[in-house]
């Protein structure tokens, strides 16, 4: 486990049977287990055979039983923020990934409806976080706004929520890559899993 | 002059001689005159022959003498805002175009260095404007921010200032088209002229 | 309601339950209500629980009861034009949004079959409008044509109607951004809602 | 000469010496000669050695002496139209190519400043043409307009004149490919030569 | 019918009812009738109500009864060629459109399996055609090949048949726009209808 | 200095005079100073007037005198790696930015010629780093390779070094965004400055 | 069979009946037979009528009976490698195509889960291969890695496995085209068939 | 020299001094030497200091003295074909690279002017080649044509020669990736060096 990230199964293009086979091998080795991008039908078929797995519906994640290795040595709490109800799925993928990697995580998902003042109501959480993941679609401006308020590392996750020129998430991605908040970390569109891993790497005490 | 916009010469792909010929014909007809996208060398050659024209260096505009038709009936003042020193050229093109079309115009060009609080210092100007032009490069977020502060129409002008994925202004353009501030008007990248015309149309009393 | 736009719910990526919860909170606060991009199945589920909402099938909009605040002070009538039968859905989204924001709105939807002369038959409507929304797919030339006929602000809405290189609406969007009618306001592809908001902001007397 | 098009040298990426060598071989064979995309400096070097060639400055073409084969059997006159002064170079390339291939050609280059009514003043030319080439940059709408006025084949040539999203000519190209004027023929951006060849093929009596 | 093209209904984004209403009005005016891009289910609903229409399954076209106006004065025969079985649908749309506009049309659809020598077996048809439509997907090279064999105008129709970088037809479109066969006419991806109209305009004797 | 990043001047689109004016104001306030993307000619003009600034030629940076505030509380050493000689300029921009923000930085710039085994020779540096910046052009694979070797956060900086499909840096950017090394942080193409800021935020002890 | 590749039917856009007709003609000529991109439903309908064909489910291939012509003269063994379970379908298409063309083929499909060291366990296979096909999605780095280990030709097949900016396979394609492993052969996204043909051409003794 | 490719210096983004330093180290180790993409001015400065290097002007290559290792064991002759005079530079880069790696190479550069029949005049060369490199710009069809004539592996090199939609070489690249000649190997735009390496790997006897 040199890189700090347990083996993870990318579930999207695999059949339930393929996932069961690989997961079983990992469980036998008593390793931690994470399967990403599993739709609910596939999840049902898998959990029938591997009832020790838990399915997280919004995040489309399957997680294995917590392993005995004890909590890792972490620097603090990771904060996950998202703007709209539509981005919650990706935010949850990020939150559960970070948690699965042994980090305390907090979430602010109601920032979108009421805007900035709502966010400012969470001053303390913002100040205390050791890393903040900000999930946003459309023009993807929220990570820049957060980046202007805090000194800890901010990770932007563009989502594919949007239509017209925003469809697919490219507007959000470009917005984050060209942010005037210097030092924003960007991951692939809809990559909540990657954001969770990065936050965990930042939060790890070494 | 049914559409409210005087004849305008697009100067970029024309020689000095071509511009002189067209401009002279317009001056003969005593019409108002505007030539856009003229570099300083070309401008010098033109002004030598048509000394009644004025060259605006940053905006790369040539304007003719104010015509006798009297000030148009306008609703109020147009406000031009830009974020960075690098966007001033396009902001000036917008400002001078609107002014040339008979509108009172104000400008805030120092918003970029110090950010939002600097902008908020101009509360009154923001509240009093009948239309606001916001010029921005990079991720193009400033028009969204302004749109969240005012009720008058806001016109976003993406600029080609930027590098990497921001080069050419596409990130700024996409950011504005996908803005979560509803009702933002967008014009082509670097099109200060078009923004000035649109603001003038909005500000016109009919 | 500083910005003149009531809270609006983006319905596309939300479940019926999520929409009901948010809408109920807004209705409790007696605020005006608009939900965009709701398909008919989702709408049925919502209206069952919130019978005070009205569903507009073509526009895919849900609107709440008119609030008591009285008609806003407007400058005149907004005109919505579209070319083809296929663009009516987006045109209706624009029309109903502007109406919902308290504006008198007129519509010309039969311009496409017979072309320009049909449009010219509506001279009076064109001349009287305080803002015109033009919805067009394919090469998106109609807003340029209208812009050449009138002096009021013209808002172009590109639609995703088309195929081959026109699929997705990019040809229409680029056509409008590069229009030789100076001062055309452009919004995102299929963004009838944004066009309605912009027209309302222009039409508002302040 | 089975395909009706004489050998043509694409001059852009060749040195003056390379062009002289190839051209000399063709002249020896007494074939007709056309060299496209030759800048004025290169042209000077070539004409010094091959004084029987004529350089056309705006069109950036070199043409050889008219060959003895006599005028081809043509159906009528080809018409070349362009909108702005900036498109004249490509229009000239089309006009001279068609002429070089033995066709009578007429041109209307002043359509841009005054718009449609100016074009309508040329009713007779429009009606008499056996094929019309329309050269246009920016949003490229002119070929659609012409296509709505005539029954002969119309060939659209998008030009790279423009800036922002119009830079490079893609907006004009997409506009023409998605034109609502059915049956518009489109050629590559800035390809006046190709348009001239196509018009000649249409105009040829067989 | 000044432009030589009868009114055509673009069927894709219209409901069966909308099409019936528009078609009925045209039939009442005794005009020729063509509806493009109608899937078989929609066609069934329409033909039930308007039995005088004929549905062409592969071409996805509905045509009205031949009108009494008599055959137009044409120059010769139009030839439609396509490479693969997969391109036949678009080739049929082109063929039926040209035929509907009063032209004699021939077709070669078996060119793809055996390649060039198969095409060369049709020498006479190639030589006799007054215009040739070549439909091709993937890299879109067939129109260039045909253009090298004949002197009449050649119209290339790129199709969206393909996968990977070929998906959507852009590779074929770019191949045709950059063809080294000078004077190739190109229409939008999958636009068999447009190619039929263009061929008809070329073939028309005036 | 709430966000931990001192004011930075984006030098690219500013004149020497503009930069001198802004820089002088900052120096007066005794703040730390960094000017990015300054070419050597502009730098010369600036340093003539502000001799207390130092120009870093490869990185195209101007830095002000170290301020008295004392070293920040950092977690460890930042490591900057680049593959080819051609990427050194961006790597230097990252290195100097991080250093300017008070961090100890080490660099490995000879990894490219000899490949992986060369990198493995630096095992200790890799293991000891608290954050690693990896600068790479072409297909941008180096950050993925490094990410597979270490557990600390890795920041990928795509560069615009390359040609053909690699020109502009998009291949490298896409490679990093789709890396199979989970949790890679990505910044804009050629954005060494942003990478330096992000590494500093990660390395800061709070 | 001059080019060494038997006639192959591209099954994607053809109906079962069309495929049966073409396949029957080929079988009559006793030629080898390959049908690509056939989904399982279509395959069932075809095999019902042509039971001498074998369907390969993962590869979506139909193959005919081995013809009597005897094994071709080959240089050695072809090796097919893929990284993830999700790429196996395309890898199988490549493997079966090469085999069908008379080549001995070996496969390593378990390289993805455990990474490089797993690959290095197959040293002998790598060293003995006369050509290696490497199938990879996401950032497409595996072919570069293999290219750095061997001296035989390496063929990269990008797959459309991925999401966000990786969706469609463009990131993988660009990664391979810009590989720093000199001399990588690239084929179209998901083109396992083409890779099999190329490997066969390389492996053929002439 | 495990991979069969000697160390190569990518010269484009390096200064003359940097190249001299790296080249000197390699010459000291008596290794073979190749520097790519060196313009003539830089080459002059380098050869002044390292007179044992030879500069190839068209190919923009610097090659070191032939090393003593003796000719490698090759299968046959490599053939390099290009269509237009404008593609010769890239064809020469491919030819000299393959030669430098110890292969006998032949070239056909006059295929473009006179087309296919000219190519067919070289039947024997085509039949005898063990690998063929085909360099082509514009629509990039030549490699497909060659692939249909021969059974040996064909490598397509798209070039950036072209304008409009062909500028940059993308049309040629897409044409080759979607070729209907199965098994075409494609390399990056303008990558003559890579094509030479790939041909050498194919031609190597192992």
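Observations on the model:
Just so it is clear, A, B, C, D, E, F, G and H label the chains in written order, and each chain counts residues from 1 on its own.
We take it that contacts are C-beta pairs under 8 Å (C-beta built on N, C-alpha and C of every residue); 3 or more make two chains touch, one makes a residue touch a chain.
Remember, predicted model here, so these are calculated numbers, not experimental data.
Here G-H and F-H were compared by C-beta pairs in contact; the pair with more is G-H. Computed centre separation for the pair subunit C/subunit F is 46 angstrom, with centres defined by C-alpha atoms. Annotation: 36 Å between the Cα-based centres of subunit B and subunit F.
Subunit C and subunit D have Cα centroids lying 42 Å from one another. Note: centroid distance subunit B to subunit H, computed from Cα atoms, is 50 Å.
Contact of a single residue of subunit F with at least two other chains is seen at positions 148, 164-166, 170, 173, 177-178, 188-189.
Counting only pairs that meet the touch rule, the chains in contact are A-B, A-C, A-F, A-G, B-C, B-D, B-F, C-D, C-E, D-E, D-H, E-G, E-H, F-G, F-H, G-H. For subunit D in complex with subunit C, the touching residues are 83, 115-116, 138-141, 144, 148, 162, 164-166, 170-172, 174-180. Only residues 2-5, 8, 130, 147-155, 173, 177-178, 181-189, 193-198, 200-202, 204, 206 of subunit A touch subunit F when the two sit together in their complex.
Interface residues of subunit A facing subunit G in the complex, by the touch rule stated above, are 7, 10, 12-14, 18, 22, 37, 158, 160, 168-170, 173, 188-191.
On subunit H, the positions that touch subunit D within their shared complex are 84-86, 113, 161, 163-167.
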